[in-house]
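To keep things simple, chains are lettered A, B and C as they appear, and every chain counts its residues starting from 1.
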Amino acid sequence: MIEEKIKELGFEVPEVAKPLAAYIPAKRVGNLVMTSGQVPLVKGELKYAGKIGVELSEEEGQKAAEICALNCLAAIKGVIGNLDKIEEIVKLTVFVNNKDGFTAQPKVANGASELIGKIFGEKGLHARSAVGVSGLPINAPVEIEMIVKVNE
Amino acid sequence: MIEEKIKELGFEVPEVAKPLAAYIPAKRVGNLVMTSGQVPLVKGELKYAGKIGVELSEEEGQKAAEICALNCLAAIKGVIGNLDKIEEIVKLTVFVNNKDGFTAQPKVANGASELIGKIFGEKGLHARSAVGVSGLPINAPVEIEMIVKVNE
Amino acid sequence: MIEEKIKELGFEVPEVAKPLAAYIPAKRVGNLVMTSGQVPLVKGELKYAGKIGVELSEEEGQKAAEICALNCLAAIKGVIGNLDKIEEIVKLTVFVNNKDGFTAQPKVANGASELIGKIFGEKGLHARSAVGVSGLPINAPVEIEMIVKVNE
């Protein structure tokens, strides 16, 4: 059902992105699943590259954040098999690769938070931190990690 | 009792700050409560703005960190109703908006850690990370997220 | 056994590093232990200092990340007494102090992830985020925090 909802919204859950290095896409501990930081890779290619406020606009940052959120869901699906097992979205941490002094991280991060809201409704209400960083892997504009609670 | 202690120290637990975007101030999962990143808003206005080492001194950063910590407690109170239910402070993550190359994040973060220590005593002993970032929402100098354990 | 394995690999678990400020090296909550951010201190002295891409190479960053990982293990040992009680490594968050626009955080972070893999094998498979920051405490090139699950 969650995957159908995602399709209705015009998106899809991708294949889980191959980690960029010596780690795994997500890890379950008890009834929590914590993802690794996900960047906006689509079929192995970075869909958006560069810094928000330099090469990319805030709107492009939002689109990148949407992709990161979908990649988080893909990573979680890889661990639990079926996204319907997600009981609640707990937390997003959003790292925005921005020009020094940029202040619109919440707007960029909303690309992820609003999509999660549309997909999960009440279950999608999450805590969130959004901060600006001085560089991200493979020049990604956004990196997002997600914690969810699963119902067995 | 915790709120009385906070008043004795000359502070108060504010109304919970309205999130800057599409998320909630804190989320409970099991007996943990995780806050969203809190910035030094007082009654909806940023009390300190700008970068530590540029517009603001380290001492002003400490004051800002105190406010962030109180806003974390406000967010937690919004979820559990009464701060006396906090069994332990588990972790603070402190993001300092600083001039590139700044190295005194621990001093700034102590504004939060020391206040937590005064309020909670032994129960307030927490793990902590403090890092320098290249920008924060609405030009906040500090953003703090907190994890606490509650005793139902 | 874990400590023997670490010695076989040519490393050792140091004395737990004294926190730089008003917090503790690691905190247990349920069967999780969360460390504070650890920097590459060796016997109280920073082994590597400065920014990756400025004063330090990526390879030096990897060496620094190894030391951070060992300091995380030392912090955990301080809480649980014996590293053999670690059931799984859950998550690493790796903050790299780099030149603005640096993109090889995964390579630097692999210094930690690969060492954890050698020490813990299958139990060491962890989620990870790696991001670039604009400054770290005492001018450390890398700061790492670790979450592990312990089997009582």
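By our rule, a contact is a pair of C-beta atoms (placed from the backbone, for glycine too) under 8 Å apart; a residue touches a chain by one contact, two chains touch by 3 or more.
Nothing here was measured: the structure is a model prediction, and the numbers come from that model.
Colleague: In contact with chain A and with chain B at once: which chains are those? Just list them.
Modeller: Touches both chain A and chain B: C.
Colleague: Can we say the copies chain B and chain C touch using the same residue numbers, with more than half in common, or are the two sides different?
Modeller: Comparing the two copies, chain B and chain C contact each other through largely different residue numbers, since under half are shared.
Colleague: Centroid from C-alpha atoms only, then distance chain B to chain C, rounded to Å. What do you get?
Modeller: 24
Colleague: Pull out every residue in chain A that's touching 2 or more other chains.
Modeller: As it turns out, chain A has residues touching two or more other chains at 30, 100, 133-134.
Colleague: Residues of chain A touching chain C in their complex?
Modeller: Within the complex, chain A touches chain C at residues 19-27, 29-30, 34-37, 51, 93, 95, 97, 100, 133-139, 143, 145.
Colleague: Within their complex, state which residues of chain C touch chain A.
Modeller: Within the complex, chain C contacts chain A at residues 30-32, 88, 90-92, 96, 98-107, 109-110, 113-114, 117, 125-134, 147, 149.
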